[in-house]
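Here subunit A shows up in two complexes: once beside subunit B, once beside subunit C.
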Partner chain A sequence: MESENPQFEKDQLRDERGAMDPVAPVFSTGVGIDAETIKQISQAKNEPAWMLEIRLAAYQTYLDLPMPKFGPDLNGIDLDQIKYFQRATDHIARDWEDVPNDIKATFERIGVPEAERKYLAGSAAQYESEAIYSNLKKDLESQGIIFMDTDSALQKHPDLVRQYFGTLVPADDNKFAALNTAVWSGGTFLYVPKNVHADIPIQSYFRINAGRTGQFERTLIIVEKGGSVNYVEGCTAPNYSEDSLHAAVVEVFVKKDGYCRYTTIQNWSTNVYSLETKRAQAGTNATMEWIDGNLGSKVTMKYPSIYLVGQGATGSMLSIAAAGANMHQDTGAKMIHMAPHTHSTIVSKAICHNGGRADYRGLIKYTKAATKAKSHVECDTILMDPDSASDTFPVNDIETSDGTIEHEAHVSKIAEDQLYYMQSRGLDEATASQLIVMGFLEPFTKQLPMEYAVELDRLIKFQMEDSIG
Partner chain B sequence: MGIKYDPQNFSYASMTTTKWSWKANPLALQELQAAGGRIQVFGSTQQLSVAGKRLLESELQANVDNQFMLEHAQQSWQGLELILPARVTLKNKLHLEITFEAAQPSAFTMLLNVGAGSQMQLEREIHYPPVSTRLNLLTCGKVEADSRLNLVDRLQGGQSPQQSLWMANLHCQKDAQLDWSFYPEVKGKVLGKCITVLEEQGSSAVFKVGQFGRRDDWIGIQGLIDHRAPKTFSRIKMRGVLYEKAQVYFTSIGKINKGAHGANAAQESRLMTIEPHAKGSVNPLLIIDENDVQAGHAASVGQYDEEALYYLLSRGLVEADAKQILINNFMEPVLPKETVEK
Partner chain C sequence: MSTLLIKDLKVVAGEEPILNGVNLEIKAGEVHALMGPNGTGKSTLSETIMGNPLYQIVEGQIFLDGQDITTMSVDERARAGMFLAMQYPTEVVGISNADFIHAALNARNGNQPVAILPFLNELKQQMDFLEIDEDYADRGLNADFSGGEKKRNEILQMMMLKPSFAILDEIDSGLDIDALQIVAKGINAMRSDEFSCLMVTHYQRLLNYVVPDVVHIMMGGKIVKTGGPELAQELEKTGYADLSGAVEGSDND
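Here is the complex of A and B:
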């Protein structure tokens, strides 16, 4: 397609840090969606014909499927007013001055570096991490690991993408999975070959191109037999977005004896509906772990699931949700045990403050084949003020008789005896409350890479300030 | 919410004329009557009391989304009304037996009113006819301010599998205490929905369910305690032991409405599956709209504790006895001692 914006020519995208991937010209399909829009998207990306077929079929499914009949109110989404496809460069039109003050203040308080702030607020295309990324990329390539955005993977490794795309999250799974399949763009493609161990956490943070395509991301991770990877996406700082709907789909395949940890921290601004479908499949003796933090958005509906299909597979989910003013976090996890001796663990922590609402919705399912399965679920919620609320909806569906399930949940305000003890040791109420909340979240924060943990710590303290004392 | 049922089993088809009788232990009945209380039959020939009628109407209005209750109301009204006046403490436990004599689909309603400041122990035994039938039972009741009701409900089946729909809604007023146990010891299918509303400050309720599932019994029981006032207290304890091809589904719901500050709600539901074809699940829900609360639930499905079994065997017990001890121990929190099966 002819460039509409000649300033982004390949030659101009070189500097002392080496070559960057070419940034595509400005292109948008405008608001609304129809079959023609989808053809335009596919054509603009020069996709193979089979992908266009998948997209068009998914679009039809999207039209046929109803909106979710459970959970938060989604009436605020106007599906006809959404820009379904726009290239990365479209997003960078915002001046730093236009970024809301509260977002700027948060950056300041949690110590986000200057250049990174502009990137996160959408007023700069990237921050200074390209050099780090280049080195990382070389390391990964030398091990045979493929790490790129899904659009590039479709061009460079079409067979791999075709083999796995949509097999775990089919388009007819739910309305927003169908929408994503029809209009997806960006996301991460990560392939770990047999017996390869990615030594350091792989972070989407460093993969600049996909950083701002987030509206309908499509992420595909394949860990071959005996391989292992620790993938980290998102960031603690608020991600200011003008897009009102984010409907990502993530599919993770962990083969026999493989290991994958997928860490997500999302802090969308409070105009965003984040409706994601995340699903993983764990083979024989494989381990899949979701570490999931949800700190922002207007509405989040996200229930990462793990299909434990191989004997001895293990799945775990560790999540936190912090719901402040005008936020409704409807999150949880699903563990589907489909083979003998499979184990799963869910630990969910939520904090509601300033009238926020955090609900837990989970499923543990043992199919007939899942003999001797074990599962443990814990959901704890702290309600900081009288306007906050929390519901817990766990569902256990058991078709075996020799499995074990344990479920515990607890909802309360900050324990008065703990507060009293700390105040008696000389702390003021606000500091004591803060300390209790951070202790409550510790099982989550101690699993994060250090820089995330530090930022998260500062962010939660900052967010809690109005709620305490 | 959460409960599973097969609409075919529990569709509310036409109910034919019900034939039933009741009796109570004379000592307690005399004590009740001497204190001004009464048990009276109502139906096509005898009228319901004004208070009873009002209670029933308000219950139907509050549960317009309960299709079973609405359809129950459309059947011919008949049943029993039990009234205990204010400020009476009954020393004797009232043992009430209600026996259905003919094997035909029946609808039965019971109204309970425990007057302010009164106390009573009531044990209801519902006896099914020996041959298979369908029975739909509705209980509505009020435990008035400062009163106390200990209620034990048992469904006792005949020789054949039965189908039972059990609905019970009880309301507790200021500082009232309700201790309610439900034992569906009936063959066949039971769908139970037991609701307690803590509608005034300081009221408290404990709801216990004990279930031994056998054969191909299918049991779905939902216990809901609705906290609508400050400083209310509730506990739900459900335990089931599953043999043969039994299926048991427990749903416990702790609901704390806005304004019910200082509420304390906890639920504990546990199932022990003994044999390979038995199955079941437990679904505890918390619905919390108030922050100054303590709410929690615990649920588990599992088998014998291997370590405990090993210990008992090492002390010289034979396996069957050791297992029975573990079953008795598991059920102990919800069953009166004499009920634990030998």
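Here is the complex of A and C:
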């Protein structure tokens, strides 16, 4: 391990995200990126030539595009110092017994194998650049559901991947989408056939281990007509003195009458820049729901969008962001209404403490075709101290005359009378504040499977412990 | 056992003087009623005893079991055995009533978690006793409760937390006749040598069900008269008019 300062070692010890594993990658392209790096990645994966072409074209786009001109300060990212591809194991295990001990121990501490035994229909784990584990329950497999990492999907179902890849998020969408398209690796491929229901959660867990790691997963979810799926992703990294970059691209296609709930619990350590592009498309009478919890990272920029392309499609975003010391959560949602009678809801809740910053950035767009569209946007923020900050940047772009939009935004402190009432029953101020915050987040947590809700409560309490009392 | 002793208490809210020298002693096992016209300082006294930061003590002391509690924080006072049923209980959404009471019990148990099953059993028992529908355990703390429901919920909390000294600020206001009897039943169930209580009320009605040992009358930020239960009955007939002389008389500044 490289020399680290003692403060960081201390932080690692007390960090529930766990310490870095002493795992050496079996293959890495090393530090930095050029066209050669991309060829190496593609070759290491034995990819078809068309994918390499997509990658190389995207790399050029990446070089041409500027950094984002809004939002958080990204000057801390040194793109020349990132390791763009690191393969941790030489194959994807189907059984946790086959996962190398150090890596297995890390996922066990996070609770991934246990969650799978108890309540998941399928589970996958990615470590640095690639999947190290993947398993789907037999009965789901036999109904034709495909759940695997996107690299494997490219090998086993190249036509499906080719049909959808990059069609919702083109490489030139933004600089980091271009970068992801150039160096993507891993991510989830989930295909749900017509009228098949996968309502028990299927989970992928993403772990960054080393410092200066770039993780560029590429996720593709396709829900055919009348199908449904409940997908959950989690992510963590150990505290590290050197910044890492997580730049994911997610594309979700929900066909007519389909349903997809996509839940994320993001708990990156505060050395990770998480710059994500997530987009979904909902067909006629289809429903797409993003449930998005942002608890960690140094900087997050993420505005999942839903293109409501079919008549009667519904989109919703329910998000929370918790920003503590040295954290900037710049999150939100975009709802693009492109068909009649489409509905969308955005509920965004944020807690800022210890000087943290959480901003909401959102877009509601009604194209001319979106007659009788409806949208409701609600942003609530609690500022725990005067050093913390929050702002909202809502944009409406309306080309129809018969739609409705409601927008509410509230910023508040923890109410003194509530604190007093709770203290009068014997709770100390810190515990009372925590309970009030949990109550504030309850509309979010009650949407999570019980086990995740418990975990989320625990993570938030942990994050806030330093800031109050 | 819990004895409350208040010595020459003077309290302001901001610049405004509200209590002008209150003296009061409540011995362990006693129930005292505190009556007096609107705006005379009864809630201020209640809140000051509990430690509400809106009120500042400028003079005097409050002792609980001989210990000066005037510098203790609100939650320390609560953990020392004090309880205040508030005139206007606060609503907190998103935290269930049951979770809140459990958290309060944990806090009073030195932050050691109280076993959940016995807790839930007792909660159910007390809710049955107070004829509170079981849904109210899972509803948000006082959230969208009616005025009377909030009062009943205060009594439920008192019965679960088992304070040694409780202040009940207008626990009878907003209660229908049946609810008043239920609340009174709750208070009477608490009565023992180990429990003392200060009940603020405007009406004899409550005192018919919970017969106090001592009755005090407060006017102009002072206790102007103290007597037995018969004092409240007299007051019912005469009102406060006859006592206004007492305020002037006892005003020594």
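Structural remarks
Criterion: the second predicted complex is superposed on the first by the 372 of 469 C-alpha atoms of A that agree within 3 Å, B and C clash if a C-alpha of one lies under 4 Å from a C-alpha of the other, contacts with A are read in each partner's own complex, and residues count from 1 in each chain.
Basically, a contact is a pair of C-beta atoms (placed from the backbone, for glycine too) under 8 Å apart; a residue touches a chain by one contact, two chains touch by 3 or more.
Remember, predicted model here, so these are calculated numbers, not experimental data.
In the superposed model, A:50 lies in contact with neither subunit B nor subunit C. Counting the residues of subunit A that each partner touches, subunit B and subunit C differ, and the larger count belongs to B.
Contacts of A:441 after superposition on the shared chain: subunit C is touched, whereas subunit B is not.
Once chain A of one complex is fitted onto chain A of the other, the partner contacts of A:431 are limited to subunit C, with no touch recorded for subunit B.
Of the two partner chains, subunit B is the only one touched by A:408; subunit C is not. Subunit A has no residue lying at the interface with subunit B in one structure and with subunit C in the other.
Across the complex, subunit C is touched by residues 415-418, 420-429, 431-432, 435-436, 438-443 of subunit A. Those residues of subunit C that touch subunit A in the shared complex are 50-53, 73-75, 77-79, 83-84, 86, 89-90, 92-95, 99-101, 103-104, 107-108, 140-141, 157, 161. Across the complex, subunit A meets subunit B through its residues 352, 381, 383-413. Put simply, subunit B touches subunit A in their complex at residues 2, 242, 258, 261, 273, 275-303.
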